[in-house]
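One chain, chain A, links the two complexes that follow: it is found with chain B in the first and with chain C in the second.
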Partner chain A sequence: MQERYQKLKEIVQIYLPDDVSADDIQLESNFTQELNINSANLVDIVLDVEDTFDIMLENEDMDGMLTVADALKIIDTKIADK
Partner chain B sequence: MEEKACNKIMTSKEILSQLPYSEPFLFVDEIDFVDENGVEGRYTFKKTSHFYQGHFKDYPITPGVLLTECCAQIGLVCLGIYLLKGRTKTSDINENTLQIAMSSSEMEFYLPVIPGETVKVVSEKKYFRFNKLKCNVRLFNSEEKLVCKGVLAGMFKQTSDGK
Partner chain C sequence: MENRVVVTGLGVCAPNGTGIPEFTSSLKQGKSGIRFHTELEKLKFGCQIAGKPNINDVNLNNYFTNVQLKGLNASGMFYGVIAGKDAWENAGLSPLGSESPDWDSGVIFGTGILGVDKFREAIYQVDEGNVRRLGSTSVVQTMASGISAYLGGMLGCGNQVTTNSSACTTGTEAILMGYERIKSKKATRMLVGSCSDSGPYVWGGFDAMRILPRSFNDNPTKASRPLSETASGFVPGSGAGALVLESLESAKRRGAPIYGEIVGGAINSGGQRGGGTMTAPNNDAVIRCIQAAIKDASVNADEIDAVNGHLTATTKDPMEIQNWCNALGRSGTDFPYINSFKGMFGHCLAAAGSIECVGALLQFRENQVFGNVNCEDVHPEISKIIDTSKIPQTTIDFAPRIIAKASFGFGDVNACVIFKAFSQD
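On to the complex of A and B.
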């Protein structure tokens, strides 16, 4: 779990705008509202998540992925379903 | 067979009619080829375009941003319209409910394009997922020489209620 969180943080970090620091990434952080990640970069995060964890996300997953915790939950579910 | 008929290729005219641009900011004349994986189209830069008066003074050359725009309109938007059409079988794409935005561009330029020159844009889809279309684009002059190339991405949003 901790390892997945760490990996996810490393992915998110790449797409942070200049005015947001990696330390700002918390479990409850909202990707677009708090981390200022735009919708195009959120897609990049999802694609990186797919590659890193070897899973596939659907449009519904993307819609429900508002916070870092949401993303982790989706990752856990997808890995469990594999 | 039925499935194939649903995904019938849109004609160049149909795609152009869905474009959300008009003069003086339309940079597509014709779509020569389109399928799931890419698109090819042409545009002739008009000698009379006003920007040639200032870019540059006494030395009219097509601005790189407009070459990029031409690549984006043909390579991203026309392809995006086609791909969306393939995914929405029943309803037509209405230009009023199609929202688009360029999200990233990384271009390299090699040759100038003079007023009146016809260019060809060739675009290959990298992916179209979660409303984001990313493409490798190349723009050639009338001598088939590479003018510029790069990677463009844009977001496509289609809503039935205009939200």
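On to the complex of A and C.
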């Protein structure tokens, strides 16, 4: 679990704007509202998550992925379903 | 009162030099940027040599954020951003903060086709039913205006931000479009230039047309032979050139360096009539374009003391010289010095005009006319009409005052710009 969170953080930090630090990434952080990630880049985060965890996300999964915790939950579910 | 327009910044990413110092030194020494490319051999190209900028030593983090670099696979974008941001910095300008843009600064940065390699990636994904895997930047890396959009955003430009496209005329056209905009007081400062992708998907079509040299694969630096009797086609190139144009008033206020003044120019088309076709120029249109540029610049044809030609090293070079003679009403020893930089880096297609204008302007600063390479055997049709002393074989110490530069492109389109060494009056 902690390992997945760490991996997710590594993915997310690539897309942070210059004025947001990697330390700002918390479980409850909202990707676009709090971490100021460009909404277009959410698409790229999803692709990176798919590659890293070898899972595939559906459109509805993406719609529900607002915070880091949301993403982790989806990742856990997908891995469990494998 | 119209604005006077001066050039206050230069940037370049050329096959024989990335950055102004390296590029200047290469032009002075006649150093070639044309190399053999194994990739083209593997793909069974007739012409396996090309001009491609070496950006391996460039720290891309100085130009792009990590997010921008992720999945970036558009060579023209690399070249264009390097040249564009360098030119901005060279002009003593810095990117704006995040609050509001500079409403008086714009970008006109042309290209022929952008992000070909990215587009190829996308085509494979789409054809395999994987459209969802394209990522968020397939569009912005492959839209033609991607280059002006990236630059405009990086610098914070709030005036016109656009991309023009007119084949091999593109770069020179972009300069004239920016010039007009400042002259008519619609902008104070314009980053202008152009870029061209490298690689087999850009160059393949020209190879298929059999207009590239095929017998120099083992002797790449001798292949591009503008003005020469043994010219056998143009060597494909790539890269980017960029200029910061600015109203004289603004340049003086900032104490900016001034590389030269743009005093006029003209753009036209031969309409693919009167001998002009999709791929060949209507000579009358070329002559009119040069003459219109001279008239626009309010100079006399006799005052032009250096010409930087389009001169691609095809069989059309003698015709171009004849057109210059007719347009200027000058020939023999009365003809101005003429050079073509394509002997050193090939024909950089959409980037040709801007890279060559950067080179032409550097001649003012260096008080030199850069030498031609690979035309020790001047074409007899050329030496018949202009004296060979006007075709310097090496760089000469001669301070040009007025330089005419022209570019011509597929679609029978022409552009000619007149640069003047800067003086206050």
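Side notes on the structure shown:
Quick note on the criterion: the second predicted complex is superposed on the first by the 82 of 82 C-alpha atoms of A that agree within 3 Å, B and C clash if a C-alpha of one lies under 4 Å from a C-alpha of the other, contacts with A are read in each partner's own complex, and residues count from 1 in each chain.
Everything below uses one rule, namely that contacts are C-beta pairs under 8 Å (C-beta built on N, C-alpha and C of every residue); 3 or more make two chains touch, one makes a residue touch a chain.
Just so you know, these numbers come straight off a predicted model, no measurement behind them.
Shared-chain residue A:43: touches chain B and chain C both.
Of the two partner chains placed around the shared chain by superposition, neither chain B nor chain C is touched by A:20.
Contacts of A:55 after superposition: neither chain B nor chain C is touched. Applying the stated contact rule after C-alpha superposition, one finds that A:66 touches neither chain B nor chain C. Put simply, chain A uses residues 38, 40-41, 43, 47 to touch chain B in one complex and chain C in the other.
Residues 65-67, 70-71, 133, 135-137 of chain C are the ones that touch chain A when the two sit in their complex.
For chain B in complex with chain A, the touching residues are 103-104, 127, 129-132, 153-155. By the touch criterion stated above, chain A contacts chain B in their complex at residues 38-43, 46-47, 59, 62. Within the complex formed with chain C, the residues of chain A that make contact are 14-15, 18, 38, 40-41, 43-44, 47.
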